[in-house]
Amino acid sequence: MGFFLETLFGGLMAGMLYSLVALGFVLIFKASGVFNFAQGAMVLFAALAMARFSQWIPQWLGIESKLLGNVLAFIVAAGCMFILAWLIERLVLRHLVNQEGVTLLMATLGITYFLDGLGQTIFGSDIYPIDVGMPKDPVFLFENVFEGGVLVNQEDIIAAVIAACLVAALSLFFQKTSTGRALRAVADDHQAAQSIGIPLNRIWVIVWCVAGITALVAGVIWGSKLGVQFSLTTVALRALPVIILGGLTSVPGAIIGGLIIGVGEKLSEVYLGPMVGGGIEIWFAYVLALVFLLFRPQGLFGEKIIDRV
Amino acid sequence: QAKEQFFPVLVYRTGAYAPNGVPWANGYVDYLKLVNARGGINGVKLSFEECETGYATDKSVECYERLKGKGATVFQPLSTGATFALTEKAPIDKIPLITAGYGRSESADGGVFKWNFPLAGTYWVAADAIIQQLGKKEGGLSSLKGKKIALVYHDSPFGKEPIPLLQERASQLGFQLSLLPVTAPGVEQKATWLQVRQQRPDYVVLWGWGVMNSTALKEAQATGYPREKMYGVWWAGAEPDVKDVGQGAKGYNAVTMQHGTEKGADVVKEILSKLHDKGQGTGPKEEVGDVLYMRGLMSAMFAVEGVRQAQEKYGKGKVVTAEQARWGYENLNLTQAKLDALGFKGVMRPVSTSCQDHMGANWARVHTWDGSKWQFTSDWLQADEQIIKPMVKAAADKYAAEKKLTRRAASDCGS
Amino acid sequence: MFYRENGQFKTSYRADQQIFPIAQDRWAILALIAFAFVGVPMLADEYLFRAIFIPFLILSLAALGVNILVGYCGQISLGSGAFMAVGAYMAYNTYIRIEGMPLILALLSGGFFATLVGIFFGFPSLRVKGLYLAVATLAAQFFCDWAFLRVGWFTNNNASGSVSVSNLQVLGMPIETPLQKYLFCLAFLVVFALLAKNLVRSSIGREWMAIRDMDVAAAVIGIRPKYAKLSAFAVSSFIVGVAGALWGFVHLGSWEPAAFSIDRSFQLLFMVIIGGMGSIMGSFFGAAFIVLLPIFIERISLLVGLSTAAAAHMTFMVFGALIVWFLIVEPHGLAKLWSIGKQKLRLWPFPH
Amino acid sequence: MSQKTIGDVILDVQNISLRFGGVKALTDISFNVKEHEIRAIIGPNGAGKSSMLNCINGVYQPQEGQITFRGQHFKHMNSRQVAEMGIARTFQNLALFKGMSVIDNIMTGRNLRMKSNLFLQALRIGPAQREEEQHREFVEHIIDFLEIQAFRKTPVGQLPYGLQKRVDLGRALAMEPQVLLLDEPMAGMNLEEKQDMSRFILDVNDEFGTTIVLIEHDMGVVMDISDRVVVLDYGKKIGDGTPEEVRTNEEVISAYLGTSH
Amino acid sequence: MSTNPNIVLNVNGIEVIYNHVILVLKGVSLNVPEGKIAAILGGNGAGKTTTLRAISNLLKGERGEVTKGSIELRGERIENLSPADLVNRGVVQVMEGRHCFAHLTIEENLMTGSYTRTDKAEVARNLEKVYNYFPRLKTRRTSQAAYTSGGEQQMCAIGRALMANPSVVLLDEPSMGLAPQIVEEVFEIVKDLNTKEKVTFLIAEQNTNMALKYADYGYIMESGRIVMDGAAGDLRNNEDVKEFYLGMGGGERKSFKDVKSYKRRKRWLA
């Protein structure tokens, strides 16, 4: 029982971490109809910027305080993401107004390659630490109830709290502001949105910038967990079943999806895995998402897919 | 034709495995440079060219084809996947492959794998060395009986390679082996470590590469599994695997391919003075002598010494062909004296190959991360030939049967 | 001035329904095929064959298959890698388990099993659409990756989970040298391209496209979505499976599941998009773009004296930028760009 | 004008009700269509006209009621069945296959009649080739009929709106239907084009004896060419009869026609 | 016309090419005076929509570009402004084929129309106004636009444009798919806005009858060229226009049933 709880909890926490990456996808998809293949590359790029600047800035400025160094690095990295968003709008999106989803998807693939090259050129391709003082050692709960207690990870809890805050803020943004409504309009129909005066250019810079900052947050958390290096881009693959299960257009869906996938895959690996030789969690996540989709083809919270004649 | 002996260098300096690929490549290239600085192989200068594979098999094949055309002496793909693919091509092209410390374990059998040279150790050697070390810890191999050992491995041919040996050992010694695969690249291991926590194995053997290693250590820390009880393969025992974990990895052990971090070795000093001090070195000076750097260095040394050996037969001071070089690798005889002269004193033990034995050595040591550097913590360990030899032979025979190959005749060995 | 269809009057519908209704095109294509069979072997060296042409041909074939599913039928698939793997592993098993199995039959049987798997994973497409469908095909991808590593039978119980084949021959002729391999793959590609082209311009092809463009309307005119989608999955995975078998047998010789990983699936999808969805020709353009261009850029970067790592990074950046640039020039892919080019040529020298 | 003979009831809609959540799109609608007639459905926007066609077509499944076609009763229809029985349809919002050329779009209308299997098609030998040619010939007639020869090979997405409507009609005609459902075929056309379109419809009706169900907002057209008219308002039927009867029906005037008509 | 000093919109000899190869407008010139209603008439494919798109700068998304000529708004060249800039200058287009935001509700659709307006009270007033014009929309305010009928979507598209408080409206086929009553209402609304709020209109319309009844000036377009223009009243009395656009050639209106053969349209250009 203690172990079951532990697995459950571990799954929930892992799920929260996926959600963090998933959020970036959802944001861009919801607000512009673009499936952003570059999300993983953005997470890496942001994390690299953070990791490197937190090392460089104290060197350049001779700052002693780790906190200050980290804060400055975060600001500079956020700045990078903003510039990136701006450039992407200028050089890519603006020229692809009103094109189909796949075309835009492909463009983001181009961006992925570019970022991968650029990131490694500027920041190097070694493995770099991000140290924002996350506690690494485990704590044990209910030690008196279960033998060995239930292990939880403080780092995960912090990450989960941050993810939850982000989601709350973003949901409010989408539901309550007129910009949020405009973003959804853009996703539906670029041209019509333009025709009533929604400035696509500005909107896209905003969205990509917000997505960039989400990527940065995800990058910092994942980076402090794993170390910053190229493989960070693959966490995007882990986020895929999450967004699909939750619904491509739903911010809360990203969280719920994350939790379901996280719990599902951990339980399956731990309880079913040994029977078939293990290593099943990754495909199990997809199968799980698929099962949900068979009941709700648009994901749990996604907007209904409209086909009308 | 060529005046220079050409060495192709397949490297990965970008992508997911770059942190591990770069130091190896630096060591490899630095050694070739060093040989030139020393005057070449009996006066024959070396030339080399890198090709970026990104640790991808198809890129490796492309690089192989590209550099092959330039008169390659020997290839070292530094990837098990690429080794598999190139193993099929090398015999046709008549180019030897050195896979020092990786590749198919059965390719140690030169009777079947004429062109493969897993010099100085295969994965079965590594696995056996680890078991022996565990035995020592427990006070004798027989005390392993009833113990639980978990293998946390990269879910790929590389990771699966040690399983047959470990199973063999498990049935022989009576320990319980549990297999925990980690899907590549290995950034998500929570479930794996929850299982470790549940099973509470006495030891964890870590068979990873790249980000999987540091992630495993971090998860071990997060689930409170003692790092002292973890033993990695030699691709999981270098600086990039632990430095980012720092204190969290303290106590973690890894088997080594003989050498560890060798900042004090003669050859390292020589490289620093002859290359890096003159600004001709490859990569950062501080990393010279690191584990993977040394691995690259050693691999390059093998490549060069085989050619030197071949020159003995085919003409000193001449450029040898790949086919001739193969003979050199098959007849390597790196005695301790020779190694010391090359600057590898204290770094490794003799290696000598033969027609049957393409591995040439089966020694290993264990080193342990003390939070800031690797330190040897074991004596020399020798893999048990009694166990490995028959396994190699059986596996090689199976391969030959599948491929409808016949074992090389004794006469073939001389040539 | 020379590229005109004026004056070429079609006197029958058959004439108008030819693959290349314009005579110049027909000649150009015939010349190209002749060149591929005769000219290239005289000019190319081993490197070109083994590192460039053979992978290019096989991946073109795979892209062709993916194009049928994604480009023609509009079902986004990220499982092509898995279908390739099924093709390769099942061809391997038929090849080694059945004594005296002819090579070509073994390869086709790989395609056949890929078809079965393809249809199975195609079932969700009856309910799930668009990007959401990608999850079903991804499930196929990861499941197959896993199964080929885990189930010993597929690899003939090889401990490491990798398999290899050798001594290939067709009707007593060995497929050993690069040239033989090249011609072998080329023959496969030409035949499959022709068959595929026939399919897409027949009623079944129109059904696929109808489903892609507007499935409700398609249903109303009597097209059965189930049949159309599953047949697209079947045909597509057959071709992709054969390509996978060729990739394993002819190109690699020995492989592990990583040779058909998710990256391969993405790569194929991207070939189709950049080449041109719903265009047979586009599959070739796409494969050329994605296979050849990076190698080309890398070699140029090396030539200008960049270090290996810098050259690799530069390759990434230039390649990424080129993708974006081409999309901006023509969002519908290289094939469209090509046809617009031809249209301009037709108008030349009098614009409009 | 040839004297046309209106036959028996071919399509009978009985007590159809259709709801979407709270929205009652159709409430208890009954009407019938006789063989060879031109039957118009009119009504204000959102009255449920298109929904009615969608029910007949099997796109929507009404909660209540049944539809009888040639004596067969259906609780709800399945699109494929409907097509096989010979009911074709055009769409209000253009549901063409955008990526395909005009020819291919119209050829899809023939698909139901194409019999050769996948292998024959792949090889394109004998029967498959012949079949393709025969149907192509038929389609070329339709293309001539609709005067869109010049656009044969243009992707329909690039055609102006009015021509797309014609292609839509062409696709439906290619099915050689017994009953043709037209949803606002003349929206977005100018007078001259409407005259042409009316002519097409009358010709189809005359020459092939096709029964036509027509939704249209242009009262000139409806009153001139239809034999009988159903009027819907807010999902309810408020009138049914000859154009003359409908035109003078008070309820219809106030709900739909307005005073100036 | 050129004598009128208050030209809001001046299109001068524009040429438009789609996809780099398809030449659609071959030198179109027209101008719209302040506070008037101008109509562009013409058959399918004449280029009406293209002209409007060129003015409102929505061509780019269709891969079209203006290759020659100039477009001026109150004397300012606007070819390089973004559609959003134009909306800020008061120019709004109602696109052909509705283009409602499918996933947004009717009310949300309308509200996005006021994206450029900041005054909340004004927005609320506009919303009320639109609902007054189209009561049908009010009853459907909470349904997703995709699930409303064709006519409802058309009303929504028009209403959405009005939410921006425009001074120039480009209307592309406003009557399409609307019930006759509503068509009339729409034109009444146009007239209303025109007289009361001095909104200038440029309307592309197939319903020639209606258009000429409400417009001040008309352009007739054919194959990418303007072939005839004149005051609405003059056009109404022109014999060709009567015959081909109003269906009253030779006096009486002809029944649709009696059109014997397809018309061979008289081409103004050979």
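For this structure, a couple of remarks:
Just so it is clear, A, B, C, D and E label the chains in written order, and each chain counts residues from 1 on its own.
Just so it is clear, contacts are C-beta pairs under 8 Å (C-beta built on N, C-alpha and C of every residue); 3 or more make two chains touch, one makes a residue touch a chain.
In this text the structure is predicted, and so the values were computed from the model without any measurement.
Counted as hops between touching chains, the shortest connection from subunit B to subunit C is 1. Annotation of subunit A and subunit D: jointly contacted by C, E, touch as defined at the top. The greatest centre-to-centre gap from subunit E, using C-alpha centroids, is found for B. If you average the CA atoms of subunit B and of subunit E, the two centres end up 74 Å from each other. Computed from the mean C-alpha positions, the centre of subunit B lies at a distance of 74 Å from the centre of subunit D.
Computed centre separation for the pair subunit C/subunit E is 46 angstrom, with centres defined by C-alpha atoms. For the pair subunit A and subunit C, the distance between mean C-alpha positions equals 32 Å. Listed for subunit B are residues 13-14, 18, 22, 155, 181, 183, each touching two or more other chains.
Chain contacts: subunit E has residues 147 touching two or more partner chains.
Shared interface positions of subunit D, i.e. residues touching 2 or more other chains, are given as 59, 91-93, 95. Residues 76, 124, 127-132, 134-136, 138-139, 142-143, 145-146, 149-150, 214-217, 220, 262, 266, 270, 273-274, 277, 309-310, 312-324, 327-328, 331-332 of subunit C touch subunit A in their complex. Against subunit C, in their complex, subunit A makes its touches with residues 35, 91-92, 95-96, 99-103, 105-107, 109-118, 120-121, 125, 237, 240-241, 244-245, 248, 276-277, 279-280, 282-283, 286-287, 289-290, 293-294, 297-299, 302, 305, 307-309. By the touch criterion given at the top, residues 331, 340, 343-344, 347, 352 of subunit C touch subunit E in their complex.
Subunit C makes touch with subunit D in their complex at residues 12-14, 16-17, 195-196, 198-199, 202-207, 209-210, 212-214, 216-224, 231, 235, 278.
Within the complex, the subunit B residues that touch subunit A are 13-19, 22, 155, 179-183, 185-188, 190-192, 194-195, 197-198, 210-211, 214-215, 218, 221-224, 240, 243-246, 248.
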